[in-house]
Every structure is written in C-alpha cells, then in structure tokens.
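Encoded as structure tokens, here's the structure I'll be asking about.
Chain nomenclature is as follows: A, B, C and D, assigned in order of appearance, with residue numbering initiated at 1 for each chain independently.
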Amino acid sequence: MQIESFLDVAHNFKVIFLDSYGVVKNHRGLIPGVSKVINQLRDAGKVIRILTNDASRSPQRQSERFAEQGLTGIHADEIVTSGMMAKLFLEQKVLSGQVAYLGTEAAAQYILDAALNPIPVSELDMENLDDITAMVFLDDEGFDWNRDINKTVNLMRKKNIPAILANSDKLYPVSKNNVSIATGGIAKLVESILGRKFIHFGKPDSQMFNYAFEQINQAGKYDRSDILMVGDTLHTDILGGNKFGVRTALVLSGNTKPDNAEVKINSSGVIPDYICNSIVD
Amino acid sequence: MQIESFLDVAHNFKVIFLDSYGVVKNHRGLIPGVSKVINQLRDAGKVIRILTNDASRSPQRQSERFAEQGLTGIHADEIVTSGMMAKLFLEQKVLSGQVAYLGTEAAAQYILDAALNPIPVSELDMENLDDITAMVFLDDEGFDWNRDINKTVNLMRKKNIPAILANSDKLYPVSKNNVSIATGGIAKLVESILGRKFIHFGKPDSQMFNYAFEQINQAGKYDRSDILMVGDTLHTDILGGNKFGVRTALVLSGNTKPDNAEVKINSSGVIPDYICNSIVD
Amino acid sequence: MQIESFLDVAHNFKVIFLDSYGVVKNHRGLIPGVSKVINQLRDAGKVIRILTNDASRSPQRQSERFAEQGLTGIHADEIVTSGMMAKLFLEQKVLSGQVAYLGTEAAAQYILDAALNPIPVSELDMENLDDITAMVFLDDEGFDWNRDINKTVNLMRKKNIPAILANSDKLYPVSKNNVSIATGGIAKLVESILGRKFIHFGKPDSQMFNYAFEQINQAGKYDRSDILMVGDTLHTDILGGNKFGVRTALVLSGNTKPDNAEVKINSSGVIPDYICNSIVD
Amino acid sequence: MQIESFLDVAHNFKVIFLDSYGVVKNHRGLIPGVSKVINQLRDAGKVIRILTNDASRSPQRQSERFAEQGLTGIHADEIVTSGMMAKLFLEQKVLSGQVAYLGTEAAAQYILDAALNPIPVSELDMENLDDITAMVFLDDEGFDWNRDINKTVNLMRKKNIPAILANSDKLYPVSKNNVSIATGGIAKLVESILGRKFIHFGKPDSQMFNYAFEQINQAGKYDRSDILMVGDTLHTDILGGNKFGVRTALVLSGNTKPDNAEVKINSSGVIPDYICNSIVD
C-alpha cells in the first residue's frame, strides 16, 4: 500500500472534491493545518467543492461553522450536501402540506428551502395527521429518541406518505474510540419495523457528484479527468467517485484506519487511485 | 373462520397456559371480566400458568401488579417469563463480574436473581469496562434512548462479551391505534449496526413451554394433550405452542385483529386449533 | 389516478429515455404497436435512448435482437445498459488477470470490452485461483445454479476480490403470472451467506441517466427539462429519473399493474409525473 | 482455552447427545475411531442419542447409512432429526392435500410419515395448484436449482400456504476448504424474494432436545444434569444445549476450528462447558 503526499496528488488535477467529516474536520474540530492546505490549493488555481452526506445544516450554516472553527473563505455555494438532494426531491415531488421531520431546527431549513412547511415530529398531533404529506429524516439530534422515533413509527403506519432519508450514514465517530448512531441507523430501525424501504439520498449515488460537476461547468469547462474526489469512507466517497468516473484519493484521517485500510480495500473491491495519510500530509 | 367460546374450549383441557399482554390485559389495564373467567377456570380445577415475553418485571412484581389492577390470586410461581429464561442462562454461563443492562431497575432483578451484579448502561464508565462480563436487553424503558443505546453500541464494539435479549418482541400496542418499539426493536438496531446476532429468549422457543410443563408435572401428572396455550400473537404464542405439541387457541383481543386474522393465519401457516374473540367471550 | 396518452405526453419533450423490459417488450416479445410509436417519435424529431438494467447482452446484441423481433433502427449507441456501467468500472479499477462471471457467453462480452479475460465460474479450477482478480454477476442464465453458485461462494471465501453486480433486479416476469429470480436475487443469496455487500450497478443510481445525458449533449444542447424517462418500475426507472431531475412517466404494461399502481405510488413515495397505460396507448 | 479429553468429560454423564455432521462424521465419511468410542460409551452404560439438523433422510435411512460407513448399532430410534420435528408439525397442522417439497425422494419419507401425499416441486403443474396445502424445504439436493427454486417462488406467490423449513443450516462443509449452500440458504433466498418468514425447525430450538429427553425418560429416570450435548457448531448445538439446561461440549472437528474457537466463543457469548478436539481425542 503506497502512501502519497496529498499536495503532490492534488497537483495533477484542476478540481478537488473534498468530503467534510474525516477529511477537513473530525470530532475535535478542524484538522490542524487544513486552512493552509486549502489556501495552497486556491493559490494554485484549483476549484474546490465540499461534498458531504450531512443534512443537519444548510450550506450557509456549514460555511459559517467552518469560519467559526477557523477555516474562512468556504462559500456556501462551494458546499454540496445530501440535504440539498433531498430538498430538490421535495421541491419537485411534494407540492404542498406539512412535512414532518426528525432533526434540529437548523436542519429544517432544507424543508423551508423547498417552499414547504416543516413540523418537528415532537409537535405532531397524532389524532390529526391529515395535512402531513411527507416524512424526512434529517439528523440524529434535536429530538427525544424514545418519544419521537415511536411517533415516527406510528405516523408511517397511519399515513401512506413518502419517507425520505437525507443522510444514509449509519454511524459517525464522536471521539477517538467512540461512535454515535447517525440518521441512517435510526431510519433503518424504522424501516425494519415497518418492513419498507425509504428513499435514500447521498453518496455513493452519483447525484451529488453530478450536481457539483454541472455547477462548475457553468463557469468554466472541465472534464471528469480534471477532478479528484478525496474522502475517508470507501463505500460512499470512493465508490461514488469511482462510479461517477473521476479519480479518487482515500485519506486515513477518518473512518478508514491505516492498520486495516488495505484489507478493507481488497475485501470491498472499492479501490482508490491514491492513498494519503490526510490532506495535510 | 369459526369463532368459539373460550370457556367451551377450555372445558376440554386440564391445564391452561395464558399469554399476558393482549390476553389477560391490554393497554387500558385488565381486560374487563378476566377475573371472573380465571376464577371459573380455578373452580373447574384447571391448572393455570401465565407465559409472557416480558422481562421488565420479576414474576413477583407481575403478580403484585395483577393484584393492583384487580386480578388477585395469581401467584408468582404461576408466572413464567422470558426474563426467567435469560436469568437461567446468566446463572449458568456468566459466573462473575458486572452485567450491563438496558431497562428499569425493576427489570434488573433478573440479574440479581442470577447472583450477578447489575449496572445500568447509563452508569457505565466507558473508559473502564474491564469488569463488564455481559450485556442484557431487558426493557425499552428506564433509560435515555439516545445516550444509552449509543453507549451500548460502543460497549459491544470494545468488549467481546455475550449480549442477551430477554424479550425479542419488536412492538407492543400502547393504545387502540398506536404502537411502541419494544426491546426487540432496540436490540435489532444494535445488531444491525454491529453486524452480529445476540442470544434471544422467549416464545416461540420451546424453552418457556418446557419450563412450565416440567413445573406442573412435579405436582401431578399431565400429558401434553391436557394443555391449551392461549395467545394473541401467531408467531410467538401459537407457533411456540404448536412446536411444543400442545393445542392452541388464538384470541382476537390483542395483536391479531378480527378483520385480518384469517389472512394472517393462511399466509404464515401458523394455524391455531381454536379461535376465540377473547378469554371473556 | 389520471391516465394520459403517451404520445400526448411525449409531445412536450425533446428526448425520450425508455426502459426496455415492460415498456418496449415483455415476456411475449415486442409489445404490439411499438415499432409504429417509435417511428412516430423519430418523425417528430425526438432523441431516443433505451436505458436498461440488463447485463445479459451487449448493446450491439440487444440492437440485433430488437431487429429480429421486428423493431428495426435502434442503434447500439442508443442503448445504455447497466452492464456498460459495470464494464466502465472494471476498465478503470481491475487492470489485469482473469475475471470470473456468472452468465451466458454473450454477457461476457462486457468483460472482453474492458480488455479483461473472462472465465465462466463453471471453468474455475478451485485449487488454483491465483489469477482471478474480480467476480461479476451478469445474468441468471448460462450456468448450473447448484454447482456454480456454490463455486462462487467458495471463490469469494478464498479470494479477497471485488464482486460486481451488473444488474441488481431481483425478479423478472416470464409469463403473465410467473416470475423468475434475476441476477440480483442470486447475488443477494451469496451476499447473505458471506455477510458482505457487493458493488451494485444500474437504475435507480443516477449513473446511467448521466451517461445518456452526456452522450446526447455531445451532438446538440439539451436541458434536463427536455427529457422524459419512461418506465414500468417505480423504484428503478421512476426513482432514478426523479433523482436525476427529469420528468418521469410510469407505464402500466409491466411490473406495475393498473389495479395496485396508486397504492404502490403512495406507499413508496416514488411519484411519476405522468401515468400511461403503455407507450402504444 | 482448555482442551479436555472427550472420554474424561463423558465419564461424568449418563446420557450423551451427539450432533452427527462434524462430530460423528465429516465430508470424508466416518471420523476414524468413532466406532470404538461409541462402543466404549455403550460399555460404560451411557445412553446415546444423535441430534441432527438433517432432514434429507429418515432416521431409519440414517441408521443404515451409519452401518454402511462402518458404524453399526445406531438404532433408528436413537436418532432425532429436525425432519422429525417438521413431520410432527405437518401431522398436527396440515391435515390433507398434497405437500410440495424440495429435496430427494428419500427426504419425502417425512411427508409420507405424516400420512400426507408428497409431490416434488419439479412435478408441480403450475396451472393447477388447488390441492397443494403446504411447502417443505427438506434438502439442497434432488432437484434442478434453477427450475425448481423458481417454481417454488411462483408457488408461494400464488398460494397462501404454510412453508416449512426442515433444516435451517445455511452451509455445510464438503471438503477441507469448500462449503456448500444448505437448505437454509435456499429457503432464505425464497424468503428474501417474497418478503416473508417461513416456519423453521431444528437446533437451537429446544424442541429436539426436549423430544430426546422425554424419549429417554420413558425407559428410565434421568435429570438434565445427567446429560451432555456434544456438537461442533456454537449457534445450534451449544446454544440449544445451553438453553435446554444441559452441559455442553464443543468439538473442534467440524464447523468451529481450533484457531478461531476462542474468538468465536467470546464474540457470540455461546459458551460451552467443555472443549474437546474431537470425540476420538
């Protein structure tokens, strides 16, 4: 397993797609040195996009959060989230009514952006669900798991409505050795109890890659061969990049650890073009 | 689908095994008229046992709870619970250390009865898990779902210990139209995230039937043909009774509703010998 | 549920993406009248693409097969198959060695097209698997299920190699009332036995839509709003089209039947923009 | 991990329950030395029962097969099979009609023994299924997998009848390094395609243990503490014995290998009382 320097690899591309969690930041905050690397990429004329399976905050809020943590200059329109894909779907397919959601109030911005009326599951009146036209799983925080997951199960048993999963990740790291169940794990519990499958958004589906690709092609003219996707998770970032037809770099600063990266790559068959310790190495 | 009178059916048997939830009581409390029916069964010399997939309270506490609700005279030793089966397993196979659990303090009585030291997951020190020798899922109440299910996931990732599911029911009714996720649903979430299968106790496994059968045969001499199992759930009560080789009666006062009982029986192939509206009809 | 005339709907678009099985043909062959409709679309200047989750034959062979059945003039480069997506992946990620496959010899063309060396699982020497670098599920025909599915299980237990599913459909209709297990069903059996997940290709992933979209944009200039996706299956054709951001028409000539279309649409939340009996109605 | 001599362990018990495959025989035939050990057990007055998740042959045929292989003196009534449990269920619950099955003609003996009329799936007339009252999965051999598994899927889609799995093992070893998909794997494929769960028989359910226990107690008087269950598979033999409340010995001559036994025991929590290399060591 050959480890390469990230900047050496990035040098060969005009466009860099970066996953957020595990690549730019982790449970402790910004990965030290990231600001400098991003500036170096910009100075070298690289186009940058953040592609994240995160539906807990709008791109605007994620941009502000980066700045608060010390990474300035990431514009909201450089951030592509799985929440945006869910928003596009709602906009196109759910035309009216109230949309129930699990997540924080910040996450509900995606529903507002689709010109729909969000209502947290906690506030649902289970005796009067007539106006509810869809259910969206946005985040694992912002609600009482016991009360509100149970309310969601009952909502879905009573109403024949679309259920949308805006982030299908099942786990995320919260410290060096501990993980937390993510939105995808909660949705899976509900799916398994109801015996049905919801509509999932996010990497590895090509949709987010395609969105970013079309966006950058409005300004200039790039080819897929100009693009490098950088991520820490094989079955989302790297598989998605591989399927979309761009080069991929796996970083070992997040979900995939140096000591089992090679075994995971071989057994999954999801093969990155490059492997780097992190984007700051 | 022929509906028969419960007392007419019970008349043909010497021993009556009754499921608790959906048969003797429901979300509103005792099913009206149950006390009278149980007394009639006793007056007619029937031996009675309650067989319940309930690990949230000891038989002693369940007996007291029946009495508080107005059903007196159910002795603790007439109650066989899936929690008791888990307790027997712990007693035999987990010989020392602390046993972590999800559930109320009342449920932890099963761990104490196995001469082990219970510790609620909420009180686990995740930096010092050396003494933890098993994990038991006892009840869906008595803990913070978000914090403590996540702690359980991390416990099981760090320690190679047995995980025991003392009640594998996934759902239970909490009102006429609403259900609640039960212990089995929570365990399934953790199983799915960890990719492993825990040790499950309760009906339809023959173990509880066998326990009750041997217990009543210490006093008198009964044959399987003397026994009727009465339950509201096809895949636990009725399948378990069928496998154990006793006659079975499905009641329509709980999980199985009159309007879809016939379809469910045919499609599952789990066929009761008798169908009654309830034990009071 | 409003049923519209297909030609009336198609009139509003410049590009028509058609699923093959259930839309253009079915178990009896070409759907009567399809040739005429396709000619009408061409006369009206519509661009046509066939998007099919079929990896059993190359586009060239599928084009010839259409012609044999009476539908002439479908060029190979108007056909986009899930097999082509698998081929692109192999080309990019599996650089040498022999690629084992389940399927007919015709299906193995996709492996040859990736400049790799195909070997049917039936011919694998299980004592000498050194050269095998990937496994591809192409078709449910062309091999002995008992012998060769078992050989595949053993291959995957012995070798840490990518497994690729070129068509994830689980079932297909073989007569009015009978279905057959498709490649996706066979792969699921192997996945479940091995406890791992393979790399899946085909609709509803945006990849095939994107491939077709970029191909037609080399010649002219189309917008997503110019495109109509027509299909008979909600969770592949319609969901894929919805995610890619094009309008979708469900036809009731295949997997989705007139009598339960409305229930399926509501319960899945996968909502077509139009519903037509078939493309000839 | 302490390895003990089998005869030393067996010395402490009056009754020995032995799994068949992986304990008494393996893919090469009888494990060398088994005849001698069984004779030593008999000379020491031990009661012996074979408990096997094998529904491919009647106890009578299994007894004859042992004799052909060189192990004489195992009487048919010393063999308890999961097929017998399925037979008891059919006898009690399926009272008439034809019972479709997958398996060899030898396996169909269980259906005949239930006084029912077996018909192999290969001979089903799919246009006339009126008389079919149940479906039984008996063996992975004796039929054409492609044709007959597909016929089974279509049978179960057309008829609302019980489906019974007489052996839920998913895999069995066919040589030192190769496995074969067993009946349980085939049933799982059909279950997953139909989205329903069949009725499963065999260890670890207590039913077979109980059957054997009651049978030996007709002649003499034994306590559970007199019984040792010997098996090579943790989640069937050892878990079943543990649940039934008898002592258990794991042998390393079959499914569980010496080099990963300890890890498997710890991670499953299925803990044998004794570990022996084999019954001849």
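Keep in mind that, in the parts below, a contact is a pair of C-beta atoms (placed from the backbone, for glycine too) under 8 Å apart; a residue touches a chain by one contact, two chains touch by 3 or more.
From a predicted model like this one, the values you see are computed outputs, not experimental measurements.
Counting hops only between chains that touch, chain B reaches chain C in a minimum of 2.
Greatest centre-to-centre distance from chain A is found for D, with centres as Cα means. Between chain A and chain C the centroid-to-centroid distance comes to 28 Å (mean Cα coordinates, whole Å).
For the pair chain A and chain B, the distance between C-alpha centroids works out to 41 Å.
Taking each chain's centre as the mean of its C-alpha atoms, chain A lies 47 Å from chain D.
Counting only residues that touch two or more partner chains, chain A has none. Every pair of chains meeting the touch criterion is listed here: A-B, A-C, B-D, C-D. Chain contact summary for the complex, chain C toward chain A: residues 85, 88-89, 92-93, 134, 160-164, 196-199, 201, 205-207, 210, 235, 239, 242-245, 263, 266-271. For chain B in complex with chain A, the touching residues are 126, 140, 144-146, 149-150, 153-154, 157-158, 170-171, 177-181, 185, 188-189, 192-193.
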